[in-house]
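Each structure below is given as structure tokens.
Look for chain A in each of the two complexes below; its partner is chain B in the first and chain C in the second.
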Partner chain A sequence: MKNIFRNLRKDALYLSHKCRDGNLQSVFSCLDIVWVLYDRIMNWSPEKAQDADRDFFIISKGQATLALYPVLIEKGFFDKEEVASEIGLFNSRYCIQTDVTKFSGGVENSAGSLGHGLPFAVGIAYAGRIKGSPSQTFVLCGDGEFCEGTMWEACLFAAAKKLDNLCVIVDDNDSVGAMIDMGSMRLKLEAFGFDVFSVNGHDPDALEAVFRRAGGLKNGRPKAVLARTVRGYGSPTMMEHDIWFHKAPDAEELAMLEKEVEAF
Partner chain B sequence: MKIRYTGQKAEKEVFQVFNETMRQLIEQDARVVYLDADLMGSLKTQELWKRYPGNVLNTGIQEANMVGVACGLYLNGFKPYVHSFSPFASRRVFDQVFLSVGYGRKSVRVIGSDAGIMATHNGGTHMCFEDIAMMRTVPGACVVDISDPVMCGAFLKMTRDRPGLTYIRMPRRDLPDIYPPETAFAEGRGMLLREGSDITLVGCGIMVATCLQAAELLASDGIEARVIDIVTVKPLDEELLLDSAGRTGAVVTAENASVLGGLGSAVAEYLSSVHPVPVLKVGIQDSFGRVGTESFLRKAYGLTPESVALRAREALKLKQAL
Partner chain C sequence: MRRAFLKRVADMIRKEEDTAFFTVDIGMWAIRDVLAEFPERCMNVGIYEDGMFSIAAGMASRGLVPTIFGIQPYLIERTLEQIKMDLAYQKRGVNVVGTGAAVDYSKYGYSHYCAEDVQLIKMLPGCEFVAPGTAKQFLQLFNASYRNGHPTFFRISDHPNLRYDPDVRFGKAEVMQTGSRATVLAVSVMLDMVMEACAGEDVTVLYYTTLEPFDWETLAENCPSGKLLLVEPEYEGSLLHDVHKALPGRALRVEQVAFPREIFRNYGTYDEKMRHYGLGSLNIAAKLRALRD
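What follows is the complex of A and B.
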């Protein structure tokens, strides 16, 4: 793993430790995707955070906020020590679910209740279409989130409105398998009218290539990227033990997990 | 204030005013968009859709996604109005309305049509009595129950840029004319429609005209009722309520909605903390909807001038016993 991906994970560990909360398994599963989008794909920078033609990144899977903060810290939008000292405090701007109410720009939506982000992203993409904007909208969803009916309403709408400026990323860390047999996401999304791509969600170059391919296909079909990911990727302990779905590291665990990430 | 209520049906139906107003709004401001979850036939907006395909959108029967899409449209520069029948615009999509719109601080106008008994022959599945109670709990929301077509046009226009949730509750037809054209409305400002010193009748929506009729019945017995159209159930016109409670010492509320959490609750919650007087509530008493005409349902649920007058007499007795 390249250093940047280690650093992002260490930032996430540190923030989770500071706020004594977090869904680190879920965060580690999508961190590489979020970084590749912000670093290599999206038309976005701190100066463009309010630009009408910026690319949009929406977190639909609510538990992944600790993946967004490290990326926005590395990109210079947030100050790491400020986030670390305030996260989780009473009335803090920063918490483990994104909270749009306390930011102007940078954080585009409030995630928390599942099944909200995709309809919201579809509205943004549809607005971009009406305006003739070159902007693209990326929305990160969990595989488990596709149990929510609004996800499929939004897919129906996106395909019907030919939103090829929309890229739906499914962070497929096999959460849904424990709940219900989802069958083939690829077949389902193709049947809904999406161009569907599969990729290793922890391979930055492969992710970049697939996002470029998807973004270049202006054929009137929305895009879906099925990213195969591993919960807790970057820490063997987290990959093995599901207790890290919702647990914050204490000082000792923080040191141990940081070491694991360093060695990964 | 000067009103033009005669008891006759309005010159224009609410759906006509809705169509005319949305057309004006779209022509004045290209960022205005109207979304409907396949009830354009009910609101007769198909022509509007044909004429302004870039501003009018049929999402299909998917109200929750429609609300989410409206929020995204707002973030990306548009001014969305969404419509469905009131149960599907409120109860069915409450999480979207509460979080995506309210908590997310998006400027979205949700229009719930044919609320309460105005769902008539659609019956219990479509008869939404609980929307006022739910929508009131969204912080920052404006909840208006339309009593007259002029008010409908005015609120569609004046809330175009209002931040947060605006819930416009309206029948599609069969309202009377109450207000002269060009009447100025404001959020949180009730309308004093009739002076009276014995009792205050506070109505919203279709019950405003009923309160005016009840005031006539009471006047024939020598009881002078002050009649208020509260206009917005949230925010409440507290000044007008406090003044009226002070002048008359007794209040009857009347709403085409559940008395659990609706207008009557809002009025009682407020007055009990600043100027306790008897507040009796006319409305739906913890019941589901049923099938019938408006006049049948008014009798079935006690939403008649006679019911309001009866409650007024009871309130007067309570006042005298104090």
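What follows is the complex of A and C.
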């Protein structure tokens, strides 16, 4: 694993430790995707954070918010110590689930309730179409989130309106396996009218290639990237023990997990 | 009211490039020309509401002004979480225009009734609720609020007031008559009946069409008796919180003419329903006598 991906994970561990909360398994599952988008794909930089034609990143799976903060920290948009000292506090701007009302730029949606981010992103993409904006919209969803009906309503609309400026990323860490037999997401999304791509969600170069391929296809079809991921990827302890779905590390655990990430 | 609204929509879509209109599969005939001419900004979106609300919120976040048209219970109850999180919390200027409440679809059963709409929306801070009594008033209220950056819910009725049609202002009650022995709050389409019942009576009549934000000030200035009759075409109690906010520390005597809080298992006509639940001038007059004396 390259250093940046270690650093992102260590940032997430640190933030989770400081706020004594967080869903680290989900965060580690999607960090590589979020970084590749911001670092290699999106028309976004701290200076462009309020540009009307920037690319948008929407977190639909709100439990992964602690994946966005480290990326924006490493991109120089947020200050690590400020986030760490304020996150989750009474009057903080930094919520455990992103809160768009506290920022002008940087955080693009309010997450928390599942099934909202994807249709919200579809609205952003559709507004871009109406306004003739070149911006692209990327939305990160969990596989489990697709149990919500609003996800499929949004897919129906996106395909009917030919939103090829929309890229839906499914962080497929098989959460839904514990819930219901979802069948083939690929077939479902294809049937809805999406161009569907599969990729190893922890391989940065493969992720970059697939996003470039998807983004280049201006064929009137929305894109879906099925990213196979592993919950807790980057820490053998987290990959093995599901208690880390919702658990914050104490000082001792923080040191142990940081070591694991260093050695991964 | 519906016709006036759709005519306004056609005008808005033609002249205001940042507006969008989505109908949940009703009213298409009246706007068939703009539907065909502006397919991106004016469309029959199909039969779904909750996803549509989040989509509209996303559009509003990029500076567009979306208006959604549908049937009140589906617009308001199916979508409650979207209203709370995507519209109210994020302060998205989305307009939601609902037909059917409370019992306009009188033969269609409980699924189509929505006497609870006012309370549901008032329960979620950050939303506005407007219930005009006539087509003219709809336009006055819509034009005053549709670009104000807040989610605004409009309840339009197929049974408007026919005799009384005062000019109204968004967020303000109108003083229809003044008197000393009681104050009557007439809400939306109840105005004609209230005015009939109060003719020649020494009572104040206040006419409310904006129910959220509620005009506490006008009520506070116009209730010398502490006796109140609330006449509203929704579930009883929908405005009690506001009455107490407007008149803090006062000993009040309150009577209500409104739909009782019960499940409606009946059908029939609109008039039958109004009669059955006592939403008429005779009952208003009787309640007023009891209150006044």
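Here is the rule we use: the second predicted complex is superposed on the first by the 264 of 264 C-alpha atoms of A that agree within 3 Å, B and C clash if a C-alpha of one lies under 4 Å from a C-alpha of the other, contacts with A are read in each partner's own complex, and residues count from 1 in each chain.
Going forward, contacts are C-beta pairs under 8 Å (C-beta built on N, C-alpha and C of every residue); 3 or more make two chains touch, one makes a residue touch a chain.
What you see is a predicted model; the values in this text were computed from it and never measured.
Once the two complexes are overlaid through chain A, chain B and chain C clash, as defined at the top of the document. Look at A:110: by the touch rule set out above, it reaches both chain B and chain C.
By the document's definition of touching, neither partner reaches A:217: not chain B, not chain C.
Applying the stated contact rule after C-alpha superposition, one finds that A:179 touches neither chain B nor chain C.
Of the residues of chain A, those at positions 52, 100-101, 110, 112-113, 116, 118-128, 130-131, 133, 149-150, 153-154, 156-157 touch chain B in one of the two structures and chain C in the other.
Taken together, the chain A residues at the contact with chain C in this complex read 52, 100-101, 110, 112-113, 116, 118-131, 133, 149-150, 153-154, 156-157. Interface of chain C with chain A (complex): residues 20, 40-41, 45-46, 48, 50-64, 81-82, 85-86, 89-91.
Against chain A, in their complex, chain B makes its touches with residues 33, 54, 59-60, 62, 64-65, 67-78, 95-96, 99-100, 103-105.
Those residues of chain A that touch chain B in the complex are listed here as 52, 56, 100-101, 108-110, 112-113, 115-116, 118-128, 130-131, 133, 135, 149-150, 153-154, 156-157, 160.
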